[in-house]
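In what comes next, subunit A is part of two complexes: it sits with subunit B in the first one and with subunit C in the second one.
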Partner chain A sequence: MSAVVHGVIALVPDACTSCMICVRECPTWCITVESHAEQVSEPGARRPRTVSVLDRFAIDFGLCMYCGICIDVCPFDALEWAPTIDHSSASRDGLVHDTERLSGWRMHE
Partner chain B sequence: MSTLPDHLRVYRVAAEPGTRVIVASVGLACCAMEVESAVRLGLLRTDAGDAESAGRTILLVAGTVTDALAPAVNAILATLPPDTLVVSFGACAGTGGPYWDAPTVTKGIDQLAPVAQYIPGCPPRPDALVAGLLALTVEPSR
Partner chain C sequence: MSTGMQTVPREAWHETFAGLVSDGFGYLDLLTAIDRGDEIEVLAQVVNPDGAELMRVSVRLPSDDPSLPTIADLFPAASWHEREVAEMFGVAFAGHPDPRPLLRRTSLGRPPLRTTTVLAARVAMPWPGAADPESAGKGARRRQLPPGVPAEWLSDGPR
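Entry: the complex of A and B
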């Protein structure tokens, strides 16, 4: 395993099940997950399945301790380290990055 | 005012030799170690600290600011030129970070003075420090 630069935390949106484990384990509560439930009907199934659909995943890097607990606890490997270090901001709000930016930081597609 | 106070460390960003960026570092906690690390790596150079020859002074607040310490940070800022830009280095200085729920910690130095640039991290890497400082010098309109 090569050395991983702990620059920033990236998101794999397709892997995220909106289970909220990262949100609850985060020491600084810097993760926001918004999701809704959808009914999925599959042919031959007796009843539709209910699945969570991720609407928004945001990390407030102003609060983030870069401890990586969210990465460790994610059962679906939906979070990973990425080497980006250039994410300083002129405003406090600019430190909050959501799904699109977080997934854009991924090293491997 | 000819010189900056003796107790402040003053650096220049090595990557920007044309622009003299003076960083008066207020090292309060572990973030100060990353600032020192940037010096060791040659990203920041120690400067003589002559305020009059400085193109722009940046007050880099690195570390946890408590409510008890906040007046000291304000006092340092008062000794610097009026156009000094305040840069918040690390989660504590930016928002209180891990101490977001502590009653004695200032929840971000923007409660003391307007912040020109927030560099996130706990602590931020030395190269993140330089990237943040350069972002500030590229866009001087703030």
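Entry: the complex of A and C
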């Protein structure tokens, strides 16, 4: 058995390109991604490149069924299982974890 | 384990299972339904534990009149399965000993597992995947739609 249980889902914000693949594949519609486009000029490049910058990534664990499809489909490994299972909450809003809380669930090697 | 399969007309449903019971198929493995659009398919699987044989029997019922005689008199375990199929697919089981809904409080409203039943949550909530950061500021290219959800269910879809 794997050491990593299907606990909470953690986010690696630096790896996320806000490509929306996880949001669109999620069967329960529990992921929200907000982002904006920025122009990046690189030395030697003819014209500036447009990149998406992540503003907010949120998972509503009140809707999530822990299927892990988002983790499987992410091409950039920006989502991963973390072993925590005590992320229950006394309020409905407390089950919505945004960028900071999701990245805090990461396991440190 | 050898597996047999047969499709029977609705009139032969009960007598088929009565025959299977006397042939030793005494264990009900499964009873469920599939919405095929114009028809509701009810499917049951029985097992003969001695001969390690499995028989799958299915019947096609018209969607506008899905009724079937109960087999709960032959297999008491069929009672719960038939109650579930009744409330989820709207199939009426004639002669059922206890036709109360099994999982839902009432059988009011449309049967939830029929494909013509609109999922209210999909209508009420905008799809989060509709946001398109790649074409932000460039005008939307192709409108993204959630997979597996009919367009007329969507809150911003065609009416």
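The rule is simple: the second predicted complex is superposed on the first by the 106 of 109 C-alpha atoms of A that agree within 3 Å, B and C clash if a C-alpha of one lies under 4 Å from a C-alpha of the other, contacts with A are read in each partner's own complex, and residues count from 1 in each chain.
Note that contacts are C-beta pairs under 8 Å (C-beta built on N, C-alpha and C of every residue); 3 or more make two chains touch, one makes a residue touch a chain.
Predicted, not measured: the structure shown is a model, and the values here were computed from it.
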item	value
Subunit B versus subunit C as contact partner of A:Val23, first or second or both or neither	second
Subunit B versus subunit C as contact partner of A:Ile31, first or second or both or neither	second
First, second, both or neither for A:Ala90, with subunit B first and subunit C second	first
Subunit B versus subunit C as contact partner of A:Cys64, first or second or both or neither	first
Subunit A: partner with more touched residues, subunit B or subunit C	B
Partner chain in contact with A:Val40 - subunit B first, subunit C second, else both or neither	neither
Shared contact residues on subunit A - subunit B and subunit C	29
Complex contact set, residues of subunit B against subunit A	91, 94-98, 100, 108, 110, 115-122, 124-125, 127-128, 131-132, 135, 139, 142
Subunit C to subunit A touching residues, read off their complex	125, 127-129, 131-134, 136-137, 144, 146-147
Touching residues (chain side subunit A, partner subunit B) in the complex	5-7, 27-29, 60-67, 85-92, 94-95
Interfacial residue positions of subunit A with respect to subunit C in the complex	18-20, 23-26, 29, 31-37, 52
